[in-house]
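One chain, chain A, appears in both complexes that follow, with chain B as partner in the first and chain C in the second.
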Partner chain A sequence: MGKSKKGKCSRYIPFYLMVLPGLLYLMMNNYIPMFGIIIAFKKMNYSKGIFGSDWCGFDNFRFLFQSDAAWSITRNTIGYNLIFFILGTFLAIVLAVSMNELRSKMAQKTYQTLILLPYLMSWVVVGYLVFAFLSGENGFFNNTLLPLFGKRPVNWYNEKKYWPFILVVVQIWKSVGYSMIIYFSSIVGISQDYFEAARIDGASKWKQIRYITLPLLKPTVITLFILSIGQVFRSDFGLFYQVTRNSGTLYDYTRTIDMYVYQALMKNADYSMSGAASFYQSVCGFVLIIVANQIVRKYQKSSALF
Partner chain B sequence: MKRKTALLLAAALTLSLAGACGDADKGATADNTKDAGQENTDLAGNTDREGSDQGGSDSGEIVEIVWQFPGQTELPEAFYDIENRLNEMMEKDIGVHVTFTPVTLDGSQQSATLMINSGEQLDIMLTANTGVGNLVDQGLIMPLEDYLDEHGQDIVEHCGVRVDMCNYDGHLYGLPTCIEAIYTDYAYNMKKEYVDKYNLEHDDNKVYTLDEMEAMFDTIKAGEGDNFYMVVPWLNTYEPLNGSAFEFDPLSGSISGGVLMLNRGFDDLTVCNMFETEEYKEYCERMYRWAQKGFLPSDAAVDSEFANRGGESNYLGWFGHGAPDSDGLYTNATWGVPVVEYRCVAPYMRLNGGCPITWNIPVTCEHPEKAVEAINYIFKNVDAADLIMRGREGIEYEIVEQDVSPKKWIKYLKEDVSQLEYVNPYGLWGDFFETAELWPSDVLTQEKKRQLQENLPKERYSGALGYSFKTTDVSSEIAAVEAVMQQYCYSLNAGALDPQQVLPEFIDALKAAGIDKIIAENQRQLDEWAAANK
Partner chain C sequence: MRTGEYRVTQIITNVICGLFALLALLPFILLIVASFTDNDWASVNGFTFFPKEWSISAYQYIAAKWGMIGRAYLMTILVTLVGTLLCLVISLLFAYGISKQHIPGMRAISFLLIFTMLFNGGLVSTYYCYTQIFHIKDTFWALILPNMMMNAFNVILIRNYYINSIPASLEEAARIDGAKEFRILFSIVIPLSKPILATVGLMTALGYWNDWMNGLYYLTARGGAKYYTIQIILNNITENIQSLAAAATRSSGMATMVPFPSTTIRLAIAVIGILPILIIYPCFQRYFVKGITLGGVKE
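Now for the complex of A and B:
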């Protein structure tokens, strides 16, 4: 028994050696800097250094919960992330399945490229594209589309009620191509035998999708879900800052935790306070990952990450 | 075993993803201008290394000074030539080689903090329109009083009282930039063609009320119609109408710390929440009304091009810097058309967080005495200041013959200033009263300013000059209040929100964020200071 175990271990040694450079990189890049989270609990003084600065308990966290913005920024951050995930996954799967049904390779490549294109654009460019639609003076909506239907112009950057929709549309337009590729590659990986067998049994296209493609996509969805739940307390700064042109009027619906931290600390660049905010986001994200993983484990053990 | 390895890998992967995203967030937070700035630093570094090699071989004692340069973050080729010319002078005279690192005026502190933390060399940084308090509290900058006598004599000579206004917590943490006037003087800068076209009254010596301005705007609007605008709200300051609405003194340099309402009396030391005052309410209502009348474009609150709007053909002008008379207006030169001034507030002197724009020296600076000497040099050598401010003779400007004043009078070689190879947007270098006068401004313009400043009556001086607000105990509150201000101020300044509904909401949010606590603390410190300095 002991001997066989030993033999097993030695068999794995080359693999461990292969992992080693990656692990070293992880240690240096991701683990060693983690000691820096202590600045979240310190009153930073650069002349005393990180270790020499005085401890200050949870003082640095206070500004996050100081004003009544705490609720709206948390709601926005989590809410948008959930909507992005649910709607984004749904659309990406629909696209991936449709893409898979395309017979012409040429058309497949063309569509894939077109849908992926926005993903490669910078948020600054996207921000200006959106502005080209929404601008009060020269925007497409106010000057062409709305008059066409006899509607009055809308002051888009001052009307917060439209922004949940605008942000969702923009985010999904930009990101759906990328997640579509992930799902598409999973679908391509499904063995053709299943579909062949189904066809012989007389299953329609819809039934093949319903009973073969979708169930086999589930592990991918679950993995991506667990990974994205860890990011639920973070937000894409480009989307919420560039696309909204940082308009104060919209903050109720567009301000996320990251945006708030930026605004509160832009003037005085307090590293301890922004460290505290980041720490708060990480801890919440970590807890959520564990919880989500536990739930997934209960429900389908093989899909859980750990 | 296999399972364990898988688990380890999975955990590592998750964490690395989390880590990567964390970094990405931080990167995004440190806005785009900074990235551009750092790229340029590299460029600057490259050009300069050649220079310092040459210098080093001559004397071997050249000290390298990295200096923040406020302006555009994308620098033209000509900039490096100017840097080299400056270094020729400085290496010869004081043994200093300067490398400029470009920053935006508002982003300078943030980018300095980043540079200091990441161990990059930075010897002179800029603080603009905000206090040095947080830099001092975090131990980022050093006190300078010890270097002043030996290395900064010209600074003292040229800046006088302004040096005292750089004090914080009993020490000198900054050195003044010699912006042209230390008094506050803002005015409406109107293109002269419209004054003539509509036959408007205009008197440089009169202080116009906002009602009078509004009447003029009404006349012009009726004549010019849609798509013609009167007001450009500045999206880099919260000050109502860029200082033209009423006199006040933001003691800490930001309205979040409470203000003295100087329009009520210059010796009144009551710290107020400006947003709660009648004056502010009236101002917001006026902005809303002006927006309804079409004086401001509908996207004014999010206009990233605000700094260029005033000169555009469908804008009448803006509330901007004033001057002793219309001929001296900066906008005359930059807009390329004659501009006249309607002063809405008489000149006055306020603390505004001490000297508004200061040079500071980070604790990591290895040769602070040389850094002070470099700042001193720009005051001492008018040619050096002229070079940074106006560029090169024969390339950017030519000298205008005159026998009125001993000063140099220069004229830019291009009518559209933005077409010049090099242009310095901020007047922060050297003693403005001594540097070259810019045509078409009268050659005596600066002399007039100097006189105006010297003749400013003491009754127009804020009672808090010399005071500094130590914000350490209320920094959380200040952060929270700043976030609230960012939500509302720009939109109110642009007249995009109805103050009837929004102002009470704004004030509630400020109170929830703790503005009352900040103001109480400020008042306490101010009273102590006043008692000690009677």
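Now for the complex of A and C:
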């Protein structure tokens, strides 16, 4: 390419034009809000705006962490995420391994289609599905299932002790198809030579799974683990808001950081508390994903994200 | 011995997969059956898989009130189309730009994109910026812009596809023939990247179809009701089924002709909301699966 420097630069102009709309969107949707995060250190005055409002140091955080909510929303957010990850990974791997052993392609495709179906639904719709089971007056549980075992009806949306269990079941029901497909595609990617060799040595099916498939899934598990560690301070707002029908009596076990931020912001218009909680969530998540990635880089470089 | 093990494996795996498939499907069956259950019967016996009295009155009610539901339906389709189209256009342009890593500045621009996966301003400041700076509250753009229009994962998927699956020699040849860069993108690169665009487009469309959170945050009942989508209506109905009944009686008098099935109607609206997904999904199943396998594990 024997063109002058100037000619080269002008040749690049179309590419800069191509990234421009996306860059503008990133500015609007991501980078300007990143500066807005200073809201957490302000005594918000709506008429003065973020930048005009007075600084208040760490007051907002002091109020947040002195309230009873701070501990319970942190515990709920992290606790549920850990249970979701552990149980979800286990079941997804069981399913993926089973799926891989099926010889009938037709059965494989049918099962996969059905198990993935819940993943495509919005949380609003999932809320309705759960309601059909748990509704106090009309629900399937209270009217059909519990009488079958001679149990009395339960006021599901007001009894918090059942909810850790319900939320785990609903979350896994919705997401297991997604993780199953990820693990299944990893298994399909394993070279057949390994299994061939094992078969010649007379290894049973179970031994092949135990000593070939599962160890080779480890990198995928680790990658997904870092991703979920980075998300451990986030909760799926839809799950906790729609499925519980935002029932206040359940809050001890169902209110996560996202629920708290939503409530403080949209219901109480409390920028101080919601801003502080939101800041706490973003910064902790950021620190965690960097730390998790560094640790993985040290022990298994190929699984690190960046 | 070998065949015995084979048979046992097939039985166990079929039982495991079949059980999960059944559990995945049952709630949908209950929802659909319940929406066809006679409301009075359901209020005594509850929703079951085998009701004794069937009824289509929930759907008759919706048909009579089609003005509101139909409008929300059209809005859902419009939001999905506009959102997906805009998403695809800005994502594919951006991805093509950053796939040219040798161009000065493109690495920095890639980093700007990837950094959004690691850190974000959080709901409060995003909400503040969209309402106080960009003023999207109670506009159509409230349903399009926040959080959904471009996502780093999708852009990286498209970029990787450009880098790995489209031979650089094709572009080079066109450049030597004097084709302009935009021309090359539109007449060579895009036609060759249809599979990845279909996958990303389908996942994005699903996201827009299912979205209710933007409506929750950025549409108010007073000013934004005309932009309500099916999902937002479903979300609102949960709380205000009674006010809906009152409004229906006031406005048309229809409620006296069509009995108002206050419980089954909600489920019937939910059924109508998921119907398009249930119909389209089996045909495009492989694109969904591809979207997950490509997007699931790192970049």
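A few points about this structure:
Keep this in mind: the second predicted complex is superposed on the first by the 224 of 306 C-alpha atoms of A that agree within 3 Å, B and C clash if a C-alpha of one lies under 4 Å from a C-alpha of the other, contacts with A are read in each partner's own complex, and residues count from 1 in each chain.
In the analysis below, a contact is a pair of C-beta atoms (placed from the backbone, for glycine too) under 8 Å apart; a residue touches a chain by one contact, two chains touch by 3 or more.
Since this is a predicted model, take the numbers as computed values, not measurements.
After overlaying the two complexes on the shared chain, residue contacts for A:Val125 are found with chain C alone; chain B is out of touch. Once the two complexes are overlaid on the shared chain, A:Gln112 sits against chain C while remaining clear of chain B. Of the two partner chains placed by superposition, chain B and chain C are both touched by A:Val261. In the superposition on chain A, A:Gly248 makes contact with chain B only, not with chain C.
Of the two partner chains placed by the overlay, only chain B lies in contact with A:Gln66; chain C stays clear of it.
Once the two complexes are laid over each other on the shared chain, residue contacts for A:Phe306 go to chain B and to chain C alike.
Judged by the touch definition given at the top, the superposed model places A:Cys56 against neither chain B nor chain C.
Residue contacts after overlaying the shared chain place A:Ser282 against chain B and chain C alike.
Of the two partners chain B and chain C, more chain A residues are in touch with C.
In the superposed model, A:Leu23 makes contact with both chain B and chain C. In the superposition on chain A, the residues of chain A touched by chain B in one structure and by chain C in the other are 12, 15, 19, 22-23, 26, 29-31, 124, 135, 137, 230, 237-238, 245, 258, 261-262, 265-266, 271, 274, 278, 282, 285-286, 289, 305-306. Interface of chain A with chain B (complex): residues 8-9, 12, 15, 19, 22-23, 26, 29-31, 44-48, 59-60, 62-63, 66-69, 124, 135-137, 153, 155, 157-158, 227, 230-231, 234, 236-238, 241, 245-249, 251, 255, 258, 260-271, 273-274, 278, 282, 285-286, 289, 305-306.
Those residues of chain B whose C-beta lies close enough to touch chain A in the complex are 1, 5, 7, 9-12, 14-19, 21-22, 25-26, 28-29, 32, 109-110, 113-114, 116-117, 130, 134, 137-140, 227, 254, 297-299, 301-302, 304, 363, 475-484, 486-491, 496-497, 509, 512-514. For chain A in complex with chain C, the residues that touch the partner chain are 11-12, 14-16, 18-19, 21-23, 25-26, 28-37, 39-40, 49-50, 94-95, 98-99, 101-103, 107, 109-118, 120-125, 127-130, 132-133, 135, 137-140, 142-144, 173, 176-179, 181-182, 185-186, 204-205, 220, 223-224, 230, 237-238, 242, 245, 258, 261-262, 265-266, 271, 274-275, 278-279, 281-282, 285-286, 289-290, 305-306. The touching residues of chain C, counted against chain A in their complex, run 5, 9-10, 12-14, 16-18, 20-25, 27-28, 30-31, 34, 42-43, 45-49, 89-91, 93-94, 96-98, 100, 103-106, 109, 112-114, 116, 118-129, 132-134, 145-147, 149-150, 155, 180-182, 185, 206, 209-213, 216-217, 231, 234-235, 238, 263, 266-267, 270, 273-274, 277, 281-282, 285, 288-289, 292-293, 296-299.
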